[in-house]
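I'd like to ask you about the structure that follows.
As written, the chains take the letters A, B and C, and residue 1 is the first residue of each chain.
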Amino acid sequence: MARTTWIVAACTALLAFGVAACGSDDNGGSTGTSSSSAGGKKSYKMTLVAGVKGDEFYITMNCGAQAKAKELGVTLDFQGPDKFDASLQTPVVNAVAAKKPDAVLIAPTDTKAMYAPIKQLADGGAKVALVDTTLEQADFAVSQIASDNEGGGKEAAKTLGQLIGGKGKVFVVNVKPGISTTDARGKGFEDGAKEAGLTYVGQQYDDDDPAKAAAVTKAALAKNPDLKGIFATNLFSAEGAASGIREAGKLGKVKIVGFDAGPKQVEDLKNGIVQALIAQKPAEIGADGVQQAYNALTGKPTEKQIGTGFTSITKDNLSENQDALYKPSC
Amino acid sequence: MTDVSTKADEPELDEDQEHRPPFWQRLVAGSSTPIGLILGALIVVFSVLEPSSFLDSANARNIATDAAVLLVLATGMTFVITTAGIDLSIGAVLVFSGVVSAKMMNAVGGDNWGVIVVGLVVALAGGLGWGLINGFLVAKARIPAFVVTLGTLGMSLGASLVITGGVDERDVPFKLVTTIGTGRAFDQIPWLVLIAFAVAIFFGIVLAATRFGRYTYAVGSNEEAARRAGIPVDRHLIKVYALAGTLAGLAGFLSLARFSTTTIGGHDTDNLQAIAAVVIGGTSLFGGIGTILGSVFGVFIPAVLENGFVIIGVNPFWQEIAVGAVLVGAVYLDQLRRRSQYQR
Amino acid sequence: MPEPLLEAREIVKSFGRVRALRGANFTVYANEVVALVGDNGAGKSTLVKTLAGVHQPDAGEIVFEGEPVEIHSPLDARRLGIETVYQDLALAAELDAGANMFLGREVMRPGVLGKLGFIDKQAMRARSRDAFADLGVALQDTSAPVATMSGGQRQGIAVSRAVTWASKVVFMDEPTAALGVVQTRNVLDLIGRVRDQGLAVVLISHNMPEVFEVADRIEVLRLGERVARFRRGDVTMEDVVGAMTGAITHDGETR
């Protein structure tokens, strides 16, 4: 049976090789070989590690980053874990570290737990730009680029207040604590709601799972039958909250303001299930990330913190804001 | 009438001395060898494609660290599957053990070895508890293991959510994180990896060379025959599931040490990954066949694949397809080899 | 008249609504081969399993060497010196011949290692090889899983196991049912050798020619009760079959 064993090993190796060869065409176009660039200057290798793959926010971020990368003559890979969780993002980061990229743009999935693996990247010589989310200790990063999430939360409170007529009960569907961005949005909303004279009944977490978001939404509706408005702090949360409203038969009676403008949320907006979306500018965040990393590599000055802006999208102004919408692919 | 057949066969009987080939030869021809070769082939492929990145001690360390917790889970799962059982609850029990351990350590307070030991004991006890429930229901209540462990999966995960309110417990004694979680022995080998391998080696020996191990094989191969031979089958099954649960508890503690948070949402597929690792390693789902060494290979094959694919730059969505395809291929080819042995 | 070695008296055993044994009796003496025959569903296997400790009787008693005993488990039967070759052989197919021989009776390593639970595979393999050789069972590789062996070899292992460990009685339930001519021959010779070594052999079989070849006595079970007892020399196959089907009943003298 020794011969069979060798055939076994050879076939599996070929299989792995074949898949690797096929699969590696589809990403931003790099397999570790340097691409040509104008003037024969060094072509840098960067990787963008998303918080979770399959989320249009990060996909749009990648599109913006890829465009900027092309402009600068830089090659950019895109990777991400299956779920927004530190235990799943860590192996991805570790593998990226092995490639010894020149720079890494990353959205950390936990402000504390991801410190060690990302620091390891930086210690290995990579320039690290934190995009969207950040770490508790981020001094080693060349730049932190994010929307002003607290401001966004306040803006959402204002918008929601207007939608429900200035007073009433409002509820927040959040992701999980320890994520810098959504923590800030939740806080901003709470402050904004209180300022606007709304009755803030609390927030629940959905672990970035639309099904759970729907469940906590329905539970909140059951507990507060006179609930007037909901603020969902990210894409999956908004998706789930909308489902929850629909399933509870409260369409139109409860207003939703969601964060992020993925295709599903835009559909919900058009159908009147969601009344307003606070869209971030992920493409800009991605492009800024690439630029900052590039600056760091070429000895140019970097900005430690960059705050990107928002667009408030409603059904009425949807047609003018098409480019603010998130894309499912580049 | 003389026994023509027996006399003719006698020359093939061993005479006085043991005919067995030497240890190293048995190792090479052993049942885990083809899987080990496949792992070797994968390492070679990735090393050839990306020599400077893949073949790096830091990368090897990372792969091993990422695989450590799964290795502990797979060790327990090997025993369970060898008895022709299954345990779907281990990922949830891991989370539960981490949760109760973290809560207890915070209740006790402090940042010293004493509180860490308390945390470890609580984690192990948590895992043991669920393991005993599993074992009892499977052995005494005679409910199929699939159903029982699916139930305890829900119950233990649910309990974790109740205890934490659905929010990860992120306060873990710092000493735990810096020593066991991210620390290294001799500055080279992460403690997590050492602990995981120590567990695998210890229980590998138990499975291969002790009566407990032999009973495990016997019960898996033919439970009724084991009973008739006087083996205390029910008690043994309870012990096996209790072992798997306790190891899940240890895994929960190690995960807590590594990430300094309970990562409730990150373990949904741990059970299937552990089962895949064990099955790739050559353990039969029908029981009676299995080795810890095979499970070690089985843990590292997907780990190497995932790491290698990221390094090469495979589109993340293709990675899952590729890993799945290679798993099926590896097991299929191993099955072919086995079946040829059993042809009579 | 010598005392029976093992006796089952008025054993009743039901499984749900099925009354497998309705006051069954059975007697075995030392140094003999007694055949337990009966049609399908007569209760032969149930009776054997009850005497082997696999089932517990609902009523009736078991008497061993003149004393009433309770056989609650296979271990109890073993302790009395009773071993069984089951119809399904009860072998663990993935384990090797040595492991099967010592199943439930593993040999521990000497000293500290043994106390810690380490088994002595070498010793078990060696001793089982000797046992197989003694009984004329031919195996090419004693470290191969039993599943890779032929039906006859597996039967040989199961029989060797029971014979090696038994000190008083060996039950053999349909030991040749799936065997070819040559292998059947081996088993029948083995049965004779076992009897000659001093044990009592209880042979359950459908196969009248075989029964008439090896058995000293024949007891007939029908519908869960003993209906006839014969000495082989006193009776013809037709008589026995007649007893099995209920045409005749006979309670011959024993010995």
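The criterion applied here is as follows: a residue touches a chain if its C-beta (ideal position, glycine included) is under 8 Å from a C-beta of that chain, and two chains touch if they have at least 3 such contacts.
Quick caveat: nothing in here was measured; it's all calculated off a predicted structure.
Traced through touching neighbours, the fewest hops from chain A to chain C number 2. A count of C-beta contacts for the chain pairs A-B and B-C puts A-B on top. When chain centres are set by their Cα atoms, the one at the greatest distance from chain A is C.
Measuring from the averaged C-alpha position of chain A to that of chain C gives a distance of 72 Å. A separation of 34 Å divides the Cα centre of chain A from that of chain B. For the pair chain B and chain C, the distance between mean C-alpha positions equals 41 Å. Among the residues of chain A, none is found touching two or more other chains. Those residues of chain B in touch with two or more other chains are numbered 341. Counting partner chains per residue, chain C has no residue touching two or more of them. Looking at the complex, you find that chain B touches chain A at residues 33-34, 37-38, 40-42, 44-46, 49-50, 52-54, 56, 58-59, 62-63, 65-66, 166-168, 170, 182, 255, 258-261, 263-268, 303, 305-322, 325-326, 329-330, 333-334, 336-337, 340-341. Chain B meets chain C in the complex at residues 1, 3-6, 9-10, 12-14, 18, 20, 206, 209-212, 214, 217-218, 220-222, 224-231, 284, 287-289, 341-342, 344.
Those residues of chain A lying in contact with chain B across their complex are 1, 4-6, 8-13, 15-17, 19-20, 22-24, 26-27, 30-32, 53-54, 77-80, 82-88, 90-92, 94-100, 110, 112-113, 116, 120, 124, 176-178, 204-205, 207-209. Residue ranges on chain C touching chain B, taken from their complex, read 52, 54, 73-75, 78, 84, 86, 88-95, 99, 103-106, 108, 116-119, 121-122, 125-126, 129, 132-133, 136-140, 142-143, 145, 147-150, 182-183, 185-186, 189.
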